[in-house]
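What follows is a group of structures, each given as structure tokens.
The following pair of complexes shares a single chain, subunit A, combined with subunit B in the former and subunit C in the latter.
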Partner chain A sequence: MKNVVCVCGHENPVGTKICANCGRPLTEEAKSQKVLDMKYDGSAIRSKTYNKSIIDKVWNFFSSVKVGVALIIITLVVSSIGTILKQEAFVEAGNEAGRAAFYEESYGSFGKLYYNLGFSDLYNQIWYLVLVAMLGISIIVASIDRGIPLHKSLKNQRVRRHESFMKRQRVIAEGTVTTGDSSNTIDAVEEKMKKLNYKVRREGKALLAEKGRFSRYGPYINHLGLIIFLVGVLLHKFPGIYVDESMWIREGETRAIPGMDGYFLENKEFIFETHDNDPTTAQIQQGVNAVAKNYQTDIVLYKQADDAVPGQTDQLEVVKEYSIRVNHPLEHDGYALYQMDFRLNELKEMSFQLTNKDTGVSLGEVAIDLRNPKKEYIIDENIKVELMEYYPDFSGFNNEGAPQTLSPNPNNPAFIFNMITPEHPDGEISFVAIQQTVEPTGDNTYKMAFSGIDTVNMSGLTIRMDKTIPILFVGGFIFLLGLAIGSYWNHRRIWIEQFENGRIRLAAHTNKNWFSIKKDLDAITEYAHLPQYIDQLDDEKETENDEDKKEES
Partner chain B sequence: MSLIDLSGTLLEVAFIAYLVATLLIGGSIKSKKPDGAQNRANKWGRIAILVTIIGFLAHLGYFITRWIYSGHAPVSNMFEFTTAFGMFLVGAFILIYFMYRVTALGLAALPIALLIIGWAAMFPQEVTPLVPSLQSHWLTIHVITAALGQSILAISAVAGLIYLLKDVDTKKKGKQRFWLEAILYFLVLIVGNIVVSTVFNVAGYEAQYSYVDKNGIEQQIIYNVPAIFGMNESTTLTEGAMDPLIEVPAFIHGLKLTTVVWSIIAGTIIYILIRLITRRRIADMLQPLVKKVNLQLFDEIGYRSVLIGFPVFSLGALVFAMIWAQEAWGRFWGWDPKEVWALITWLFYAAFLHLRLSKGWEGNKSAWLALIGFAIIIFNLVVVNLVIAGLHSYA
Partner chain C sequence: MDKKRKRSIIRGVILAVLVIAIGFTVYSSFTKDKVELLTEGDTAPDFELVGLDGKKHRLSDYRGEGVMLNFWGTWCEPCKREMPAMDRQYDVFKDQGVNLLTINIAQSEFEVQNFLNNLGVDFPTVIDKTRDVMTAYNVIDLPASIFIDPNGKVVKIKTGEMKEADIISHMEMIKPE
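Right after this comes the complex of A and B.
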């Protein structure tokens, strides 16, 4: 493709809107503007230049700010849909069927639809990830597409600009000095601009004063930070980078820590404290009588000796003792254990007497550990109880009559026992739940008579390890840094030229904050007696004097 | 006087000061006489700012004394958070005032702050003890920075409102006129809420009901306004109290719905009265006050306040929030409704900034966007806290 040759003789790449050398507008569009679009003055943007191959088309799609904004808005709207109903992550149901039922029961047919459309787990849907990925691609493409030409145009700035460039700036001035001799005007401007911390370049009687150029790179720096952050988030999907496990541990128990090989944890005590305040209005209104003050698990962390058999608990070395509290996790070796949940007085053990229904005589007692039930409980040689099935959180029978469990937590234990007794060496089958016994044959001789429960406090801990944290941190930091650079500083440029006859032409541009550049202009105008500038975008009818006059008449 | 009483008094002082300052600004702008009008306006304007600053210092005094008394940053329940938001809003107004020296901004900023503080006062004001998850310095840092960012962002809506009051032609029928009036009507509804709550409070209205909650557990609740909507399966416990007119299912909170409906009734009555007495739209009434406003300047103020507020909001509502969430729960992000709405707010203002890069999205359109942004912030404060229950829910 041919370059565009400007009247001044300079060759500009195709797509350039404003000549890089003299600043003349090159396109018809630019020529028709009262105020030039100064974004990437003097350089071509790739997406505005090529539009032939499929790659160009994809590139142009993602580089468009309109598309970028559309993607941001779509992400925003879609995200809000996920807050209409509770997300699945906050629903306490053991399995898929339970969750489906939850949405239908709690929110009716709308809830069912919501669940079926996948909105109940919206942020993990593949299309949501695709949306965010497209946003990321858009940021990358747009930044490359515009960043490079911007950098070029900022580096190759000429001091002297053509009249057609100067006159198409938003703030301009033209005329003679208001008082005194005009031979030193440009020197005076230079002196004053330097005092105002501008970088000043001169070419004879032409001058370019510039300030805060680095702030133009702010958006590109913040976009880079965003991309690094997004990459960090994506890495969570790869194995070995992220651990998210949870465990329940009873007081007095020592257990292997899931996801943290070779480590064991002992729960010495779980502590729950409440504030002893007088109930507040809010508490009374909601019928709450105590406000929680502290959830704490006192633990001992053990590590297995290096030569130990995996899973064995006899060669444990104490690593540390700690009190895990909310906001104060146990941290070790890149892992952290968080206090997440607790159960006070959780059912621990249930005891039954194997009893003859007619005589009421017991053949012996069976105590079942509800978290770790055994297959078989032997009372003596020919008396034993087999635990055929166990439903820790029994929730009724399904359509086929099979018992169901909601969760693995022993909230409402139910059992199918096979009772082997001298009278029935093949056993008698009995379904036992709290206050409910079902016998398939209906005429058992023996029953499992409930005789007692034992409870204990349990602590629910979460184990997390996240190797991406440093990446996220760096990304976040770069993002904020770029944001501050782009927002709290701005790029101001003032061009001034004095002609043979002493007349002065001035033009000023800033990417934001016109208020402040005008203050700078006021200062040099007064100091060097420059002609008064005007803001071409200020509508004539807006000026205050006119308004006042109208009011009076 | 105990520290907590002093704190309450300081808040009242702040409220009155803002009220006085609003009137002063209104007066300073309205002065019409040709001779030295500019000077007089400046003088009254300066006094108005001085009074605003005094109010702000009193407000800050409330915040600090309450902090000392309760031992934690007073941002832990609806009353405290909303009051602090009002304080930051005034602070942001003062900041922008000293950058641009336009008192007219206070014309919208101070009444909105007054409404926010007045609305906050309708919530229980006792000091509440902190639940474990709130006992973290990161939480304090996060909430304060996020609220500060939101209030600076809100200034863009303040500037936008003034811009539109001048820019929208209220003589001609149209969408813009309709929506502008709708916004002002909404502000009157907040007044309605304050009036209703205050009236029934002074009258000492109280009725107790029992109901069955979402989990099928029987609970009790006290209504301070006559029950239009009853809770799920409610029974009236207080003798002689009226039975709810309509009963709602368990996933709707009957009391909150009742309060909303009462506010709408009262607010609408007030609005109709205003219209009947003045025979004008509220926008028409306000228009003379903003006649001299320079639209270019207010557009720039709107843009600048988003530019200043956006990084602060990003820092507080996203970065600090993630650091705290990582510390409290081991995950920097959990898609809790409050988190999602912080993200939505952030995305919205990102869109706002990018739209301004393209032509045609400055001025009028930008002002409307700023108002939508403020609506999202208020939604996040009100609806997400009170209706969509999540980890951050205050009620």
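Right after this comes the complex of A and C.
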């Protein structure tokens, strides 16, 4: 395609609405306008210029504002759908099948569909990431496509513009000076404009005064910030940049810290304190009788030796001891461990009396550590209890009649004991669960009588590390800076030309805030005795009356 | 026209850079989790755990031979179901330089030993008390089996219950030449 050659001889790219050199309207549309559309200063949007190769077509697709708006709407709608049901990360199920079942059981067929379409784990769906990525490309391409031609046309502005450009501006004036000598009018205008902090360029008797041009770059700066922010968010997906893990740790337990390689955490004690107040009326009404004062986990942080491999825990070095409290995380090496949750009184130890069922006499007590049970518990040489089977989370019997455990946690412990007593040196077998005893070999002489429990508390911690925070901060700052530049400043331009016969032609344009540019115009009109300007978008009547008004004043 | 070519090249390069950057991000977010996740072809992270036999078992000691790792727990029914087949195939393949090391997740020695005795299996078993190895191998769902070749490279990662035929074919893959 050929360039458009203006009457003045300047070659403009195809699609240009206003000649970059003289300002003549080039398209039929622009010629028919009373006031020119000054968007992008009439420069050709790049994508509108050519549409030939595949690259151009892809480019034009992303450059389109319609496509951009559509992408924003789709992303918004899809994200909203993602908030209807809870995300998989918050579903307490061990595996994929469990999570799938959860959605169907909890929400019916809608839940199943929701899960199958991937809304239950939206942020990890490939199509969702592609959608966000396309939005990112759209922002970048559209900015390049519009920003660069705009920048070029703003940089290469001519002082002297053609009549057809001047007359098609919204605010114009034409006529002779109202009083005095017109020979130094342009000098007076220049002097006044400089006082008003305009940048003034002159070409003989023509003048261009300009102010706040940088505000035109506001939207592009804004987009740049958005892109930096988006890059920061995408970086979360890379290893070593972002960690958001959680762990449950019991008192007395030492565990590897997920997401924090080579570090181990020991939970010394979990402390839950409440305020020692008498319940208030509101508390009684809500059935709450204590106000929490403190949630605290006393921990020891260990580090493996540098050359250690996972699982090697015989040479742990103490890094620090600390009390993790709400708002007082353990901070180390860029990581922070927060107190998030707790569970009180998980079973730790169960005690039984080896009791004669008839006489009620106990031969001794056995305490079983539910996290680490032993094979046998010896009371004396003739009396001992053998632990034959242990089911920490007893959930019933399977088809073959074998007891089952649902999890490794001692939520509902069950045991099969062999009780060796002087009366029964070969032992008596007894299945013991909470509130349930089965004696498979017939009527036993002895029983394991439940005599007490010991509990531990569990602490829920989250592990966070985010190296993208500075990037997000910079992106956010640039975003706001662009927003401020684009919103609080405006680009004002005033063109003035004086002809041989002393007549003056003036045109003014601003991208926003016409009130202020008119105030500036009022000031120079008064100072340099310029003809009164008119706003072509005001009522027709007013413009006609303008001539009369001038005579009167 | 020179200008046209230049424009096409610039646009092409910009689009290519964007697509590559985004493609890489999307790809890596699916092959990797938030922490570096093991994938087939990676070097298996070395580890050392104490076994039921009281000895230390270190993965790197098996260099030159194939190793199948199997993560499990006593509460996990599919783990239990695949164990007899694993035990049988271990007996077949151990003379051909393929080892089996099962890794229990943080349970007590009593429970682990009792469970294995009841099943009647006798393959080497270690206990990951701190769950450090489980974390290093990014094991979330049980059972999980990792097949490591004589060079220490992960050949196959298999989550969920395996059929005996799968165990055989994967053990074949890690057999030393």
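Assorted remarks:
Here is the rule we go by: the second predicted complex is superposed on the first by the 316 of 553 C-alpha atoms of A that agree within 3 Å, B and C clash if a C-alpha of one lies under 4 Å from a C-alpha of the other, contacts with A are read in each partner's own complex, and residues count from 1 in each chain.
Definition applied: contacts are C-beta pairs under 8 Å (C-beta built on N, C-alpha and C of every residue); 3 or more make two chains touch, one makes a residue touch a chain.
Worth saying up front: this structure is predicted, and the values here are computed from it rather than measured.
Using the contact criterion defined above for the overlaid structures, shared-chain residue A:A89 touches subunit B, although it does not reach subunit C.
Legend: residue contacts after superposition of the two complexes on their common chain; A:R325 is shown touching subunit B, with no touch to subunit C.
By the touch criterion defined above, A:P531 reaches neither subunit B nor subunit C. In the superposition on chain A, contact of A:R464 is made with subunit B only, not with subunit C.
Legend: residue contacts after superposition of the two complexes on their common chain; A:D244 is shown touching both subunit B and subunit C. When the shared chain is aligned, no partner comes close enough to touch A:G427: not subunit B, not subunit C.
In the superposition on chain A, A:A256 makes contact with subunit C only, not with subunit B. Counting contacts by the rule stated earlier, residues 244 of subunit A appear in both its interface with subunit B and its interface with subunit C. Interface residues of subunit C, counted against subunit A in their complex, comprise 4, 7-8, 11-12, 14-15, 18-19, 22, 25-26, 28-30, 32, 34-37, 45-49, 58-60, 73-75, 105-111, 114, 118, 126, 128-133, 135-136, 140-142. For subunit A in complex with subunit C, the residues that touch the partner chain are 50, 53, 55-56, 58-59, 94-96, 124, 126, 129-130, 133, 136-137, 140-141, 144, 234, 236-240, 242-245, 254-256, 258-259, 261, 264, 309-313, 371-375, 387-390, 392-393, 405-408.
Taken in their complex, subunit A has these residues touching subunit B: 37, 39, 65-66, 68-69, 72-73, 75-76, 79-80, 82-83, 87, 89-90, 106-107, 123, 244, 275, 277, 280-282, 284-287, 291-295, 325-327, 329, 336, 338, 340, 462, 464, 466, 469, 472, 476, 479-480, 483-484, 487-488, 512-515, 535, 537-539, 542, 544, 547-548, 551-552. On the side of subunit B, the complex with subunit A involves touching residues 32, 34, 37, 77, 99-100, 124, 126, 128-133, 135-136, 214, 219-222, 251, 291-292, 294-297, 300, 303-304, 307-308, 310-311, 314-315, 319, 322, 326-332, 334-337, 340-341, 343-344, 347-348, 350-351, 354-355, 357-359, 384, 388, 390, 395.
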